[in-house]
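Next come two complexes built around chain A: one with chain B, the other with chain C.
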Partner chain A sequence: MGNVLLLAEHRQGALRDITFEMMAIAPKVAEDMGGEVTALLIGSGMDDMAKKLSEYGVKVQVIDDPVFENFNAEKYQKVLSALIDEKKPAVLMTGQTAQGVDFMPALAVEKKLPLVAEAVGLEYVDGTLKATRQMYSGKVSASVAFKPAETYLVTIREGAVEAPEPAAAGSVEKIDSPFKEDITYRKFVEYIEAEVGDVDITQSEILIAVGRGLKEDKNMPLIEELAQGIKADVAGSRAATDAGWIPHDRQVGTSGKTVKPKLYLAMGISGAFQHVAGMKGAKTVVAINKDPEAPIFAVADYAIVDDMFKVVPALQEKLKELKG
Partner chain B sequence: MSSESQTFTEKYDLLGCIQCGRCTGGCPVTVRADLNVRQFVNNAYDEDKLEELSRLAEIWDCTACHTCAVRCPKGLKPLEVLIGLRTIIVESGKVEPTVRDALQSVLLEGNPWEKSRAMRTDWMEGLDVKIAEPGEPVENLFFVCCTIAYDPRVQAVARNIVRLLNKAGVDFAFLPEEESCCGSEVFTIGEEGLFEMLVEDNTEYLNEFKAERIVTLSPHCFTTYKTHYPDLKNPVIHYTQLLDELLEEGKLVWKGELQKKIVFHDPCYLGKQGGIYDEPRRLLKNIPGVELLEFDRSRERSLCCEGGGGKMWVESTSTKERLADVRIRDAKELDADIVAAACPFCVLTLEDAMKNLGYEEEMRVAEIMELLGEFVEA
Partner chain C sequence: MKTIVCIKYVPDTSEAEVKVNPDGKTVDNSRFSYDINDADNYAVEESVLIKEDKGGEVDVVSIGPKKSDVMIRMALAKGCDRAKRIEDERIADHDPLMVAKVLAGAIKSEEFDLIMTGCMANDDGHMSTGVALAEEVGVNHASMVKKVEVLDGKVKAHRELEGGLMEVVELELPAVLTIQTGINEPRYAPIRGIRQAQKKELSVAGLDDLSIDPAEVGAEASQVVLENLYIPEVESAAEFIEGEPEEKAEKLASILVKGGLV
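Moving on, here comes the complex of A and B:
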């Protein structure tokens, strides 16, 4: 039996995106291995989440107990350890998230089971389970196999695949918690929400960064509108944060933040060495600057030598056209 | 070097302090940040309080300009108390990711800019540069500095000096790519262990070369070698001293005229810390046509540009006007056409301020070597 046990991740009463993303991987693997997917929910009071999960055509098992009201890696490890013994799933899968990395390695060591961390793909080919991992900042994809074992552990990178649409009705079943005695050595203290409106630009996929070329604060709406259109976050050079156009925690550079978006749009930024050092992790760089000698062009994949106030409206226009 | 058994109070001679307050009174960053260095020296007597003190954000506002040390009547270095507190934070690993990356890059690649060591000598491309070899005698052995080697904005400093010295027939060589960071910023950031390692490794490395003297391009390297490398065999000078010698020997021949008003900004590491005030001024004054101006705050009283003390990797919590902006406004009031400096960090911070204030059309920030490269025919 090649069953896949998928541990759903949730926070503050809502399922995390990674849970749905794993639905793009788990059913195919289970099918190829001749088994089925069981989605496991651990927590307290999760009827809505269980229903939502079951809409993916999977069997949802719920461990509903007040002791799991808040995430605790040790408790999760104990539950999963017992379930591995009991259910002997072929694959135990969860997200490569702050939660997943907190217990999966420990679980692998405890159970002496092979773990592939941060996989972007998983498939069962010719009787072998193979995971795909990215190396060298995504320049190389490595296909890795597991050491033969009864259960394979894998964590899936967030945002690696697109979540599918709900497929078919599944089932929901409450099961008993194998976790009997509460632990006291690690306790939940407080949940601290990040400040409202606080964007962590180090995690942004698309960034528009403005520099001195913005000239004045009243030009910001133009940039914000474009950002909205392409789902980008807005950051700035030191000059832009000094001028107060951009909050200080969104400064890119050696004395600010180091960013690694898939797309970096540098607008009116000359590209001082200290700024460029903060954005060298960007996959694709588009630079707009009036000065053809601006050093930013040395690191840009696409260079537009023109006034940003001419280029941005043109981009907006094109964007509208594309969106129909 | 510190010994393990020393207490914080002994290490920084806190009991030598008479709490006169000249340090805080002269500290340039007090105008924009809540930094009171005298108070830190006072509070650091209490070993139990050190960790709490180390968590205060203002310890990162210090630019290590050394104004406090210059003014201290007891000859202490109050700023090093702040560095000692940074060390506590660095050892606990709770530094900004940018600082962590810079330190890691020094360890792995020999520079804080996260650039490959293999690219350290790329600035030499197309130039006729002799590369020094261990044991081979050379009169002037050049140490290029990480920032000048990698930042395209200031690479001209190294390139121009090569052209100039080649024409002047001076015996010189540059170090190969094995050259590593002097550790100036590592020291001020408070990474004591890494700094000790650099001092040891660099001393051993540099002592292999048979040079009459080591010439540094950045005042940060200059002062760091002079102050923290007791076992370095060769004397260390700054390039303005070498050029001043050439000037005296009549080996610098001026071409054309520079009808400009230039004001010289004393870099803290060259002036306050290195004691070099006159050489750069003599060089500038000798460019035909130049009118040399003076800031009110010049020489020992020079206003720091806030480029040192690890500030390239840590932003101040203050949003008040940067000192570099103040400096550029002062230059504007003097009606200066060019603000000249002899330090890569000063050039970067002052040029940024000049652009911020919108003076790009009428003012220029230049490293002395950029100007000399344009107006000297050796």
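Moving on, here comes the complex of A and C:
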């Protein structure tokens, strides 16, 4: 039987979006493989989450034990290793998230099973499971085929597909934890919440975001002047915060903030999916980048392919004229 | 402290058009400049910072061609002590699990406290090699690490989750840490270091030298097949504003003002 075991992801009491997004992929694959989807919840005190998951018409199995109160890659690996032996799922699927990347490769090595990381698509064609993934920051797509194996391991990119609406009533069942003794060699210590800065970019009406294309810190005043003129706040991509041009609490993207301004001006940002995931809710997007292939243009409403250092000073000038 | 830092030589495609070769399985890398993978650069810096703080040494391990010696010498110039470059065309380098097996084979005889590597490669972006390597060598790991605190026999690693949230975990050493960009400020190699780097050991080995069975790390051993590469069609609904830079700026300003966007 070609069952899909889908490991649900949750954090601090709530299911994460990726869990629902996988519901757009798993049922079709399971159907084509002649099996069904089982969603697995590992944690402590998850009745509400289990119910919500079951509304997608799947069988939900719950391992509920205080020992799983916080995510621990080593414990997850032990549980999943035992479940692979016991249930022999055709596919084990989870998200390519800070959680998924922390144990799936190790599990693949331990069980000598194939892994495709960060798939954006998955289909079963003529007896072969095939994944689509991206390389070179989205500039190249790759079709990857699994060789026949007992269980295929795959992680799905966050935000790659839209989560479907709940479908039908499923079921919830508690199962025993195959993991009995606690471990001491890796311990969860604490969560540290994001620092709060002087500007909350999630509330900004107009954002100017800069990326690697800014080149140097000394180019910041150009952006700040433009921002001042149109009452915008300044944010940045990962490259801009890593370089220290922009404070960390103003990073837009999966590891930073999700923003939804009415106007988003992306300057010298290539538009890696991690960044796009954080700004695609913006109402109007203007992108300026000298690379015509930059993925940011796929989400832009207005696009300028040019050197930002030639466009921005002129833009500031013209805005001043028009706005008086 | 003995740290092994694993680094990768990658093409810079950030502002370049990428083309797929006629074989449909490889990318035409001939026009790109190459350098150390972003996250690996931070891993090198972190390993040198730990050495400066706690003493000890840092070994560099890299799989790559002769021309990547330039990158390796740069890591040595920044304070790493010696390096091993692995070159063998039989390695199925499209599969991070095979790459991890080769790295494990290259460091199996070494004593170490920490292995560090970047959490993600700019080119193929699996985010898998470091965590797979930890399992291969049988030690603890933490991925996407943005702060490292070395304690007595342990390490506290701050893992970057989502939305700015950090997860702090404590690991017994030895351990593998996959390093996230932004953890530190990578230094420039000092002139003196660049001179010294020329005298540091840089050995080159193939699979046979490392007693790694090619049948275990080659295309046959890999359980995934890279079927084909293609350039995705970018569906852009954007209005592309044309003209000289000044004209573009003027048109955009007018759109923004007339549309009530600013």
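The definition used in the following text is that the second predicted complex is superposed on the first by the 197 of 324 C-alpha atoms of A that agree within 3 Å, B and C clash if a C-alpha of one lies under 4 Å from a C-alpha of the other, contacts with A are read in each partner's own complex, and residues count from 1 in each chain.
Everything below uses one rule, namely that contacts are C-beta pairs under 8 Å (C-beta built on N, C-alpha and C of every residue); 3 or more make two chains touch, one makes a residue touch a chain.
Model, not experiment: these values are computed from the prediction.
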**Prompt:** Which partner does A:Ser44 reach: the first (chain B), the second (chain C), both, or neither?
**Reply:** neither
**Request:** Check whether chain B or chain C contacts more residues of chain A in the superposed model.
**Result:** C
**Request:** For A:Ser171, decide between first (touching chain B), second (touching chain C), both and neither.
**Result:** neither
**Request:** Could you tell me if A:Gln228 is touching chain B, chain C, both of them or neither one (first, second, both, neither)?
**Result:** neither
**Asked** Does the superposition put A:Gln203 against chain B (first), chain C (second), both, or neither?
**Response** neither
**Asked** What is the contact status of A:Arg238 with respect to chain B (first) and chain C (second): first, second, both, or neither?
**Response** both
**Request:** Determine where on chain A the residues touched by chain B overlap those touched by chain C, and list them.
**Result:** 212, 238, 242, 244, 248, 251, 254-258, 270, 295, 298
**Item:** In the complex, chain A residues that touch chain B
**Value:** 212, 238-239, 242-244, 248, 251, 254-258, 270, 272-274, 277-278, 280, 295, 298
**Complete:** The residues of chain A that touch chain C in their complex are 11, 16, 70-74, 96-98, 101-110, 113-118, 130, 134-147, 149, 184-195, 206, 212, 230-232, 238, 241-242, 244, 248-249, 251, 254-258, 262-263, 270, 284, 286-287, 290-295, 297-298, 300-307, 310-312, 314-315, 317-319, 321-323
**Item:** Complex contact set, residues of chain B against chain A
**Value:** 97-98, 101-102, 113-114, 150-153, 311-315, 319, 322, 348, 352, 355-356
**Residue ranges of chain C touching chain A (in the complex, touch as defined)** = 13-18, 20, 27, 96-97, 100, 119, 122-132, 134-136, 140-144, 156, 158-172, 181-182, 185, 222-232, 234-241, 245-246, 248-250, 252-257, 259, 261-262
